[in-house]
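All chains are identified by letter, namely A, B and C, in their written order; residue positions are counted from 1 within each chain.
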């Protein structure tokens, strides 16, 4: 197997991990992880149980490492945990807010816990709550907040001290379409305007793509892929995707007859892209068969495709309902 | 480099077709209605260039959050108004001896003698102010502790706010000690401060001189030390219970149950079987026994003092180790 | 549609004091996969509770397979329900939990255990079958619920955010099953906040807003009905002005907008006609095109038009 071109711009890595191993008794959570992470947006992916959470805990200096080590912002993760945690922000996946406090009190307390004076913390709390869109609700108690507002408050607590690195664990959990969009926009802006780094995990590949330009994928406690999303996407066979209305079967046959490699499912077809003539051929086929090609574009593989193909390469594919069959008596 | 799956092609990405898209048919159907809305605002990232204070600033923040919460209704940890009212009643209740002293100094005649014996400074009253049976030590102090300690650690477990603490440069030791200290401070204020006020009031209202002070100071200090042990023990047991449970109510009720229950059971055993050894299991009685010795009163208990002391140490050690282990198991991330 | 559709709501309203959860909703769903959309608070969870017999409608009638679920529990033999807010017995292992539920559906002990194992290995939990649910991560808990809903091969699946917390593998597996069951004639109702997920699963949708039914049916057909928003066809090509000149005089086209030298947008009232003519016109013009798209024929734009989010 060859090497992947590219990888990260590791001229100035802000996180460096070498040979990290973590064992919980006999269970190997992390099995020799080597990683360099630079600034910008980085997504951490992996199936459940791949070690993402453990990796975070190690980087944050929260658990004892079995072997290996690393540095975050130039500080050793084994010995300088508290220092590291003053420079980073962490947005937990689950509830981590006190429902009896108002948003501004909670964020202020979060700042004070870092060592801010009450006056500094109060001023920052207001600023940061405005940034996350809770300007009008900051005096309300958190118990009255919707999920979207709680997520925003968690984000506010995490960025109250303008950290250099922001770790987000499933930041769009439970958010509806507009709240989700807003959260992703906010995270993107934090990278572009704030100049910081966002390290994000999510099960929704779409979200990671919306914020990060690079990914690290873990499986079974090891790093299996590390690179820029656009470069990884280029490794997937180029195809033109079309959506056909009124005659997909005829269209498919026409294309096959004319020597094109076609895959089809319902009204969607993918034709292997062999240059300009492919598109021309599609249009010819459409005008000859009378079918309507309502959508035509170069299929751009997204992160989800990359993830699935990589998992397939590792021997794990998605299942279908045939895997659910065959029990006596039913 | 890392890429186990690198190099040549990754292959073809999967196609998916949505249900209802059929085979590319032209006809589809639907029905519609209508509605509108909207909003806009400017999102600007503001950097922060301040510097963060050292460890004591952070720790003090934790302490303040818990202690101020009792006094002020908002801005800090929330205590239910009923809890705060009860605390107020308890603190006022513990100041009644001072009121009685004032009264006794104002009244003259036979009554004076009586009031003096009841409320004046003597061994029994000093001991009583800290460790007296009823209604104080059996009702007020345990209730006070229960209310202060309920939810101290269990809330963090329930709300997940432990993540807020530990994702910051706050060590488990800092967290634990500040929480313990905040509970102990409240208890100390109500128990020890009122005790000191009582003693001072006795001197002031009676216009006592240096001779009196010289006589009573050792007793006073004895009581103070006993009070200190009381605060320490109740806080430790209470906070251990709070760290085990997941609700404020459970922790409070268990604490009350433990203190009162063990006392009552031991007392019943004493009545029935005429032995005081079971009192070793009751935190209150071990403290009372020690207190009696410190203040110079004859003990109510048949068993030697050293056993009560050992029991007390054991209880504290057990509570603190439970507390420590529960704090170290608080999660920051979950998978 | 037969007389006993899987789900039938007839002028159903539900209010809680002053607040209306669902407002005069009538719909029938029978067979296939239907997506249900709406913002938080639009009435989706109220609707699910009404379907599952947790709530009684203030007005109107709810029927599953022709029977009122509030009156009898018989429809539930054929229903599987997944919801994030449902609690499970944390002290049970997932195998115990799913096989117990299977037995409640009337299977024998042996059958229940076999089917439970299958369902759980389908959702990739075969390695942790004997571990207590309380120790599971969020994604794993979600998958247990899905296994529990599939174990008795139901005719109606009601799924409230089923893909929440699932990694892409699990998500694709579950989506495959949903589509396949739909094409086999089962009825599936799926709700999700992630519009792209719904788009991949189904074109049949129901949109709720503030408790009211706003749209129902095939998403493209719904789009076609929004006359106020004329259809746009976005074409990226080598020379937009030259291309435009070839369709300016065509009947279905009533407007062309130039976005830049390489993109143009055709406005039309009759999408079908326009697309019929397009391939030939493009070929005749000889201009190289790179893509053709309907920029607002997707759920996100649709919701925007119907419900007006910013």
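Quick note on the criterion: contacts are C-beta pairs under 8 Å (C-beta built on N, C-alpha and C of every residue); 3 or more make two chains touch, one makes a residue touch a chain.
Because the structure is predicted, anything quoted here is derived from the model rather than measured.
Chain contacts in this assembly form a complete graph, since each chain touches every other chain.
Among the chains in view, A has its Cα centre nearest the centre of the complete protein Cα set. Centres computed as Cα averages put subunit A at a distance of 23 Å from subunit C. A straight line joining the Cα centres of subunit B and subunit C is 50 Å long.
The distance from the centre of subunit A to the centre of subunit B, each centre being the mean of the chain's C-alpha atoms, comes to 42 Å. Those residues of subunit C in touch with two or more other chains are numbered 137-138, 172, 272, 309-310. In subunit B, 14, 16-18, 21, 26, 334-335 are the positions where the chain touches two or more neighbouring chains simultaneously.
For subunit A, the set of residues that touch two or more other chains comprises 48-49, 93-94, 245-246, 292, 308, 318.
Chain contact summary for the complex, subunit B toward subunit A: residues 1-18, 21-26, 41, 43-50, 52-55, 57-58, 61-62, 64-65, 74-78, 155, 159-171, 332-335. Those residues of subunit C whose C-beta lies close enough to touch subunit A in the complex are 39-41, 107-108, 111, 114-115, 118-119, 121-122, 124, 137-140, 150, 153, 164-173, 176-177, 180-181, 193-196, 271-272, 275-276, 278-280, 282-283, 288-294, 297, 300, 303, 309-310.
Those residues of subunit A that touch subunit C in the shared complex are 45-49, 93-94, 146-148, 170, 173-180, 203-206, 245-246, 276, 279-280, 282-284, 286-287, 290, 292-298, 304, 307-308, 311, 316-321, 323-324, 326-330.
Residue ranges on subunit A touching subunit B, taken from their complex, read 1-4, 7, 34-35, 48-49, 52-54, 56-57, 60, 62, 81-83, 85-86, 88-90, 92-102, 105, 109-110, 112-117, 120, 124, 127-128, 131, 133, 135, 157-158, 160-162, 169, 185-186, 189-190, 193-195, 222-227, 232, 235-237, 239, 241, 244-249, 251, 263-268, 270, 291-292, 299, 301, 305-306, 308-310, 312-314, 318. For subunit C in complex with subunit B, the residues that touch the partner chain are 32-33, 137-138, 172, 175, 178-179, 182-183, 199-204, 209-210, 212-222, 224-226, 272, 306-310.
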